[in-house]
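The two complexes that follow have chain A in common; it is paired with chain B in the first and with chain C in the second.
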Partner chain A sequence: MFFHIVLERNMQLHPRHFGRDLREKLVAKLMKDVEGTCSGRHGFVVAITGIENVGKGLIRDGTGFVTFPVKYQCVVFRPFKGEILEAVVSMVNKMGFFAEAGPVQIFVSNHLIPDDMEFQSGDMPNYTTSDGSVKIQKDSEVRLKIIGTRVDATEIFCIGTIKDDFLGVISDPGTTS
Partner chain B sequence: MGGVLNYSGTGELFNDDSRSSSSSFFNRVLPLLFLLSIYATRIGSRLKLSVNMSGEEEENAAELKIGDEFLKAKCLMNCEVSLILEHKYEQLQQMSEDPMNQVSQVFEKSLQYVKRFSRYKNPDAVRQVRELLSRYQLAEFELCVLGNLCPETVEEAIAMVPSIKSRGRGHDDEAIEKMLNDMSLIKKFE
Partner chain C sequence: MSLVDGSPVNSSSSDDFAAFLDAELDSTSDTIPQEEEEEEEEEKESDDDDTNSLVQRTKRRKISVLDGSEALNGSTSHMDQIEVLDGSEELNGSTSHIDKIENFMYKLCNACELLCSETSVKEDICTHPGFIGGMCIKCGEKIDNQSGVAFGYIHKDLRLANDEIVRLRDRDLKNLLRHRKLYLVLDLDHTLLNSTRFSDITQDEGYLMNPDDPMQDTLKGSLFKLPFMNMVTKLRPFVHTFLKEASNLFEMYIYTMGERAYALEMANLLDPGRVYFNSRIIAQGDCTQRHQKGLDVVLGQESAVLILDDTEQVWVKHKDNLISMERYHFFASSCKQFGYKAKSLSELRSDESDADGALATVLNVLKQVHSMFFDRELGEDFAGRDARQMLRAVRSEVLKGCKIVFSRVFPTKFQAENHHLWMLAERLGATCSTEVDSSVTHVISTDIGTEKSRWAIQENKFLIEPRWLEAANFLWQRQPEERFPVKEVKLKPLTNTQ
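On to the complex of A and B.
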């Protein structure tokens, strides 16, 4: 799920930036530093949308650097256990398939794919029901439920399932198991 | 965990000295250390467990356990994110010719994703949906799940947002059905 939250960060700025456009420099550096990062607690920082306030700077002993506490609003993407969302299938193999929901990768193991769907190899590997009415392959859109998350320093990785009511390939009501 | 480290350290020693006369010593000490390390790991995991139980409860979006910070935060539907990101992308486009070079991979992927999965394209419709859903005393998170997935039936809505029923807010099936109907109407007329 995407959230709009306020975060705080201490920004260090080199003295050569002090001047009329100090604030712009600070904001530009903040965007460069923060956008695209990921933390386990807040998820992926997608975009900074505004600056709440810039606190008083503090000169660091020994260096000329000044630390500013900056409060900023941003859009973050944070997946949760138990959350249901839509995703695009990016890879299919006999172990299951990978899907992407924005910046996050979700793996759905073949144990968590309905039992009536069989893996079919070929140049377009896919999972298909025995009657061929439902097919999961690369670029399919699926609705899945996240059942586990693993948090890395720079990435969040999720495990999902489509073995539940109202989950599975989108725009095909027959997929519900 | 300390115990495990300890064990692997001794394992190396054991390999180095296995041919020397002190091998019997290591033969005797090693099992002991091994037991110790298992014990230490157990204590460690128990400690971790207790921390888990006393501190943050395990998250589960189905029961709306997403942590206080996110529960109070403003949630965004995919269509709203799409509006925000496209606006930002346009701003970047004005500043430089090749904005795709400027944005992070996370931004790019998110933009593609929300464009693909936006149920409502028109900004007015987006506003109407939020207004409509906010009349039903939903938590932000529930509101956005409904707005993103647009369930068609009451059963589907409850399957997508199980907490809608459990919190005793007097959401009977009729109220949910009316809400879903209104949502599909907005979609139809945007």
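On to the complex of A and C.
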């Protein structure tokens, strides 16, 4: 799920940036530092949407660096157990398949793929129903349900399932909402 | 039905639903408990009047939306100043506007899913077939124990329990046999290619680095410089044809003692289209035992696996699956490493033969084993067959009908039957003997002056050096004996042995 939240961060700025563009430099550095990172509490920081306020800078002794407390608004993405996500399949093997929903990697074990879908090896490995009407292979889009999440310092990893009603390959992209 | 703490309204509504289901199910059976009968009646009453039921349903929805938002707030309250992107104001307002309820249906669904998944986990005990990053791949539960075999080459944190490996192998084998394929495990260095560091290139090999050298044309497509790894790699002649043809008969793995980064780079050279190996690349870090290769990390039934490797010692447990390859030494450093004094192929500006080199020979063997395995005359049941037996059968044809006596090959007090040459000869289908008699066809000797050697010359039997056996082993064919005559031993070593 996406959230729009306010976060705070202490930014250290080199004295060479002091001047007219100080604020821009600060924001640029903030974006570089924060966007794309991940924390267990908030999930992935997708984008910074605005700066709430920049606090008073504190000059550090000896180095000349200044620390500013910056409050900023950002969009974060955090998957939850039980959430339904749409994801793109990135790898298929005999164990199941891996899919990606933006920065989140999801593994769907073959225990959690409907029993009528069988693994087919070859140069384009895939899971196919016996009548061949449904096929999951690399770059397929699937709708899946998260049943477990694990958050590391730099990545979020999830276990998903497509063994449930209305889950699986999204055949018609127009119906996705 | 167990009530979940913190969401009494929601669980009671799902309780309602469960009761309704129960009632529906029980209505077909004979014995109906008093309570549920009443409930059933209630449901029927509400069903009678459409508008009435609609009102009831919307009421229920309202309640559960309230609850759902509560649950949502509860689950996210630990985050600083959270604002659900759709708007928390809408969320608060929704209780008074029925038309907005639909916007939150998906959240409701989520809440329900949460409930369902929790209860289902509690209901059926998961066997935890494997773990990925500490989570069960079947139920998503977090478990800390690090049991099972690591399959780092599929995913860095993947571990599988033994039962699951057996299940996967079983399932995969059936699938594979349907496609008339077997497994083939390939080594990289000295089997499919040869690599050397920039710093180890000798003066005679300098032309390899010179883009203007006339040899570059012939080497195009098989010699690769990898500056970021400080390495030069030469692919073995015939390797592309080999992989192409073998991929029709086998599901192929790369299994190397090299590092992962190196293995991936080499796989890229061998298989730029990524059609042969997919993610089946096993490197040093994936082995479960140090300095040993094992089929335990290969998701293939041992009875259907063939291995190509130049180093026999690393496959202690799987000797029956192994096809030994003659080492491919292209670079001088590689020859030096294995103690060869002669000039390397690169220094001589030559290469292995393309059409009848080691890979072409072994491809024929692989084809032979494959066609024996899938021989229709033996019936349609392939599952009970063993590729190792087929390999043994093919191998035992090589020196069939030969009877071999060894002379001055084994150390004096060595049990002859345990010597690797003796065992090799028997594997190749020859019979071995310690004494000469008229049925003996070959005498393998290191010295022309021994009693048995003299007997061989006298009786007009083949007198050959031990290399003949090794050549037959690598080339899968009885070699012309004239090419392996026993040379006269110089006097000096003789005096040493006495």
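For the reader, a short list of remarks on this structure follows.
The working rule: the second predicted complex is superposed on the first by the 169 of 177 C-alpha atoms of A that agree within 3 Å, B and C clash if a C-alpha of one lies under 4 Å from a C-alpha of the other, contacts with A are read in each partner's own complex, and residues count from 1 in each chain.
The criterion applied here is as follows: a contact is a pair of C-beta atoms (placed from the backbone, for glycine too) under 8 Å apart; a residue touches a chain by one contact, two chains touch by 3 or more.
Every value quoted in this text rests on a predicted model; they were computed, and no experiment measured them.
Within the superposed three-chain model, A:91 lies in touch with chain C and out of touch with chain B [touch as defined at top]. In the superposed pair of complexes, A:102 makes contact with chain B only, with no contact to chain C.
In the superposition on chain A, A:58 makes contact with neither chain B nor chain C. By the document's definition of touching, both partners, chain B and chain C, reach A:2.
Once chain A of one complex is fitted onto chain A of the other, the partner contacts of A:143 are limited to chain B, with no touch recorded for chain C.
In the overlay built on the shared chain, the residue A:75 is in contact with chain B and with chain C.
Of the two partner chains, chain B is the only one that A:45 touches; chain C does not reach it.
Applying the stated contact rule after C-alpha superposition, one finds that A:83 touches each of chain B and chain C. Look at A:28: by the touch rule set out above, it reaches neither chain B nor chain C.
Taken together, the two structures place residues 1-5, 75, 80-84, 146 of chain A in contact with chain B in one case and with chain C in the other. Within the complex, the chain B residues that touch chain A are 58-63, 65-66, 69-70, 73-78, 80-81, 84-85, 88, 103-107, 109-110, 113-114, 116-117, 141, 144-145, 148-149, 151, 155-156, 159-160.
On chain A, the positions that touch chain B within their shared complex are 1-5, 35-38, 44-47, 49, 75, 77-78, 80-86, 88, 100-103, 141, 143, 146, 164-166. The touching residues of chain C, counted against chain A in their complex, run 75-76, 78-85, 106, 109-111, 113-114, 117, 129-130, 132-142, 151, 154-155, 157-158, 160, 168, 171-172, 175-176, 179, 181, 251, 273-276, 278-279, 299. Every residue of chain A that touches chain C in the complex is listed here, in rising order: 1-8, 41-42, 75, 80-84, 91, 93-96, 98, 107, 109, 111-112, 118-121, 123, 125, 145-150, 152, 157, 159.
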